[in-house]
Amino acid sequence: MAIPLVPQLLRNHLSELAEQNQRIDGRGQWESREIDLQTNVLPNAEGSAMVTMGDTIVYAGVKFQIMTPYPDRPNQGGLMCSAEVRPVAGRNWEAGPPSPESIELGRVVDRGIRESGCIDVDDLCIIPGEKAWQVILDLFAVSDDGNLFDAFALAGIAALRTAVVPEVKFEVSDTDRPLPVSKTPIMCSYHKVGGRYVYDADGREELGGDERIHITLGDNDNVHSLQKGLKGIFTASEFAEIMEHAKSRCGELRDLVHGSE
Amino acid sequence: MGGYGDVQMIDENGIRADGRKAGDLRPIEIETGVIPVADGSARVIWGNNHAVAAIYGPMEAHPRKIQRQDRAVLDVRYNMAPFSTSDRIRPGFNRRSREISKVTAEALESVVLVEMYPRSKIRVEIEILAAEAGTRCVGITAASVALAHAGIPMTDMVVSVASGKINDVVVCDLNKEEDNYGEADLPMGILPNSGELVFLQMDGDLTQEEFQEAWDYNMEAAHDIHRIMVDALKGGES
Amino acid sequence: MGGYGDVQMIDENGIRADGRKAGDLRPIEIETGVIPVADGSARVIWGNNHAVAAIYGPMEAHPRKIQRQDRAVLDVRYNMAPFSTSDRIRPGFNRRSREISKVTAEALESVVLVEMYPRSKIRVEIEILAAEAGTRCVGITAASVALAHAGIPMTDMVVSVASGKINDVVVCDLNKEEDNYGEADLPMGILPNSGELVFLQMDGDLTQEEFQEAWDYNMEAAHDIHRIMVDALKGGES
Amino acid sequence: MAIPLVPQLLRNHLSELAEQNQRIDGRGQWESREIDLQTNVLPNAEGSAMVTMGDTIVYAGVKFQIMTPYPDRPNQGGLMCSAEVRPVAGRNWEAGPPSPESIELGRVVDRGIRESGCIDVDDLCIIPGEKAWQVILDLFAVSDDGNLFDAFALAGIAALRTAVVPEVKFEVSDTDRPLPVSKTPIMCSYHKVGGRYVYDADGREELGGDERIHITLGDNDNVHSLQKGLKGIFTASEFAEIMEHAKSRCGELRDLVHGSE
Amino acid sequence: MAIPLVPQLLRNHLSELAEQNQRIDGRGQWESREIDLQTNVLPNAEGSAMVTMGDTIVYAGVKFQIMTPYPDRPNQGGLMCSAEVRPVAGRNWEAGPPSPESIELGRVVDRGIRESGCIDVDDLCIIPGEKAWQVILDLFAVSDDGNLFDAFALAGIAALRTAVVPEVKFEVSDTDRPLPVSKTPIMCSYHKVGGRYVYDADGREELGGDERIHITLGDNDNVHSLQKGLKGIFTASEFAEIMEHAKSRCGELRDLVHGSE
Amino acid sequence: MGGYGDVQMIDENGIRADGRKAGDLRPIEIETGVIPVADGSARVIWGNNHAVAAIYGPMEAHPRKIQRQDRAVLDVRYNMAPFSTSDRIRPGFNRRSREISKVTAEALESVVLVEMYPRSKIRVEIEILAAEAGTRCVGITAASVALAHAGIPMTDMVVSVASGKINDVVVCDLNKEEDNYGEADLPMGILPNSGELVFLQMDGDLTQEEFQEAWDYNMEAAHDIHRIMVDALKGGES
């Protein structure tokens, strides 16, 4: 990612707004942008979703490959999650090998999904020790106006939950079957902007903000993944406040995912 | 071209497996403004192809060594998303994509008034989200519309389309199966107002006569596609 | 977290396989000045983890494009030596190391007074020579001591430690087996004077209550580790 | 490839010459440079050729490897064609990963040969589904004074047509055999220089010229490969004119290849 | 490796010292720095050593992998030697792909050990044609104050001679066994500093010096590896003089290795 | 050195499998001017080795960071063409080629009057088109002739040749089989006028006496090779 110039004027402006409990696009501190989720949008993916959050637009696509199980886990298939933010998605994203930003994106989303246990890798075994399914979830941004983490996580779980295992194409059986996904982990992300945390920061808030915290909660509010990113210091009580918000917001987004299936 | 096996793709009445006649295009839909953060953008759904193009710039060209004193450089990237094809594509270096990016850039440079923006760069990002034969043509067409949507001055838009040969019959706009099992493919980039060319590739096996027939199909189709492009720009302007 | 199999790691009396109680740390030894050619350095032996950190700088930031007008940049590299783990690690690009380098840099930038050194660069090199669970915490702790040893001004040192869950019991400072077969891991980077945080990751499965318990273990352990860090800086000064 | 400075003076000079129907080295519009083709020039290649066209000099070498056939084509071997223009070949060529120019070179030459069907990949099968020959054609430039495309294509087909399958060395049988190559595809390339197309441009004409067109024709004038390169616009009648020239010139070069065997 | 500025003042100073038969740290021409060798210092390596020579500190670690023997040598395992000098080791070392300096380091140390025949690759065979041990020796510098070559070579042979083949872990047999290493090749390195050769140059002498010569001698003073590095001209009599020194010094260092086992 | 198997390469009369005596060189032919677009060039056919070298420059050194205020840098690349060996070589990064490029550059820098061209770069491109043992020596020799052909001032030309040991006999200029099955190889780079050295490598197993014998063979051979180099420069001048 190309590093934009330090936007001191923007930072000042965001601080002034924060003092008046306002945000740059008029939202409340914990308010999200308009959100849209569609599934089965890509004809060549075995599962897919498109998420729009304001001007942020991302796709998720699920593909399958046959793998040889690892010798120490002969009954298990695999899940791989990869995030790409190519230069199509914004002025500051560059071509080339994966940037630290996109590596972090992919790994944080991956951990949230993987650690929830929503995919039982034992379900992916075809012949123990010989053949198993590898599920590949590719996250692909086409328009980055902030908070790619939540958009990717949402599109990712929605794509997985509507994916179909291509048993016929790979000559594994004579009928395809839905990929079993037993849970719905949801990520909520918070950025410190103008000295306080806000939910679902947009591109200008990310640019003029400080550290961010990503929380992935499971079906019973269990914590599956946390990540603090960027330079910044936060307190236990700040964290407790965003955790409270995450608990309620994750539930709403989980309903959105279930409604799209 | 694949060209192996004896796959029947067109019947004795000249009707193709998907119901089209030899000269018919697949359905094409174009929308502009689909990437809100870009300076211009377009989505083209063409058969089961699904492509988006985004324009960023004109902006300062960097690194400095790519700058040209007398004109803008077009920095064009054609890329296939990992989930765009039947078998997943690994992200990263890819000789095919590099070549298509190069010829696409050269086609577009032929119409963009690059002299108006010395020392600058115009980024053209083409992403194939779903591929079903003819993606390079779809990409060039999407990029042309996106450039127009971004307000980049051009002498004309490039319309790109491919004709080819299946079961010894020359047909327009090959679909996936026709591309896999067909005998030739002739993609062209056409300036619809003058009938001139800025892009041309071909592979396979065509007699001189078949070659002329495929060429003529492309020329004719270019006018229909151009109309859809113009309509999208009228409709999609915000 | 691995989390498979039914490995018994803590007994009915709350004693772990290596004899520790739930809240106990592994033994930690810290020494400074172990890399004579560096501007500051430290070695941390923490259980069977063996890490060194070296500081070079502040120095001119190059290449120029990484320079910041108003502050120093921290150029942090976390790396595992090829012989540091049970299976040899191939040198070269590694997504895990890149992510850990990034979050480590961001944690340290939160305390280093980077504004004092505009346009400069401070290199922080963390090498794991032997790994036994918790290497990112060991690395951050080693880097903090090395920065202090190099005389780089900081508002506080970062103390990093992880707690987690094994056999449904929350415990402090997982060892290798506990990390492999445990159910959750919560590494944190703590400022011991204020109790504030600059680093936080977590993966696995923790109820809200378990999460709080693991958090508290980390906070408590941070004070003990901080004491060892301070002692090393007193003792190791040359 | 390092981009040389825009040679405006050279462009002007070439335009003036074109107005007088002249070329910078005195040739006519459709005239080629002196051409020399030698085969079996490299002791460690299983087939080889050296082509000299004026000051352009290239080598082609054929090597063989054993491959596992692709599951969907168990009776077929493979052909791979790779072009390298290393910095030895000229001041503007640089070391490093393949440049877009050399990628295009390799792919265009490859398509001309492959699409002609001159190599029957079924001939390359050793044991169906298990072992097949992979033919590797490496094109290697040592001196680039323009028109590497035609030089590579000519050296390539000549090297293939004189290649010997190393059956003994790979313990496939106890006697080597010539690689069966049933056709002789030939490429002709045209550059727009000073506003008109010329055949077989030299280095200065490439530097001060515009777009180029590459045509590969088969034994019966069938078209196997086309490529337009670089910025530029051309008309149907311009294309028709160069196609006419290509038809006659390809025949002459085909005779040259056959004469070298 | 980042190239430091040409240190002309340092060069002058070193020349003046050399005229007075002195060195920058007070040593004699053939005198080494204080040297320390410890083995079994790394818990996760199957063999390890740490060498300290003045302010130069390096580690060597031995790991094992299972390999398939090469078809033409079905009864042999392999030895691989790799040197890394990461930026931890000094201000001038940079991250990234291996520099020419570190490639040379690894290859010269590798040749000295390999060519001595100290490891009999036939000893590494497990099942002929199917499984064999690959011994991987990784050399890793943490502090570079000059003469990494000798430090790496010494740490390397000491790590190999104390390495244990992990037969149990890889389920090859039910008991581990020492890696058989029959010889003790030793490297001695000489730098031209101030116009004459010195032994065991430190960082400043390397920076202000000229060419260097590396000699690896085996148990009977047999020559196993030579390397001249950097710009510079030397005479046969200069070479004869350092060879004489190497013969006696290699013996001392061989004793040090044997004493550490 | 390979050194395995009991391959008989020299008979009881000291005659090698290819008919040479111990001290004999393979046939060597050198021609200059073989790369017309280069500033200087040479081809060396030495046994079945086939190498070309091209010189470009002196030219401005770029990127800037490689520039030296007081001298030219030699930018030397040794490379083996994919078809140069029995098994095809994949193009791309190669540790062996990097090392040979480095030692070749250092050998040539020792004789080129680099101080005459501050801030500039001289490119030396060595390509092995066919390899049959001793390619690094062939390459250095070709580069020396090409530098002279380009008119680059040098204190002397570097002559490079290797001797070695086969079946316990020291011989000059190993061929392919001798290199594969022999016991030692000692390549040197010699200044024929002074007998000084600028390049030296060795691997294998030589007693001190054998080492001296191989050294002497190289010294002697250098004079013969030097004569062929000088003749080529006289004959090849255009």
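We just call them A, B, C, D, E and F in the order they show up, numbering each chain from 1.
Criterion: a residue touches a chain if its C-beta (ideal position, glycine included) is under 8 Å from a C-beta of that chain, and two chains touch if they have at least 3 such contacts.
Not measured: the values here are computed from a predicted model.
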For chain E, the least number of touch steps when starting out from chain B: 3
Contacts common to chain C and chain D (chain labels): none
Reference interface A-B: repeating pair among C-E, A-C or E-F with over half of contacts shared: C-E
Chain whose Cα centroid lies at the greatest distance from that of chain D: C
Approximate Å spacing (C-alpha centroids) for the pair chain B, chain F: 51
Where chain D and chain F are represented by their mean Cα positions, the distance between them in whole Å: 32
Residues of chain A touching at least two other chains: 97-98
Chain contact graph, described as a line, ring, star, complete graph or other shape: ring
Successive chains around the closed ring, taking chain A as origin and chain B next: A, B, D, F, E, C
Complex contacts: residues of chain B adjacent to chain A: 34-38, 48, 50, 52, 54, 56, 59, 77, 79, 81-88, 91-92, 123, 125-127, 129-132
Of all residues in chain E, those that touch chain F in their complex: 6, 73, 97-98, 100, 103-104, 106-107, 111, 114-117, 211, 213, 218, 220-236, 239, 243
Complex contacts: residues of chain D adjacent to chain F: 42-45, 48, 55, 57, 59, 61-63, 65, 82, 84, 86-91, 95, 97-98, 136, 138, 140, 142-145, 169, 203
Interface residues, chain B side, partner chain D - complex: 1, 4, 68-70, 93, 95-96, 98-99, 101-103, 106, 109-111, 184, 186, 191, 195-208, 211, 215
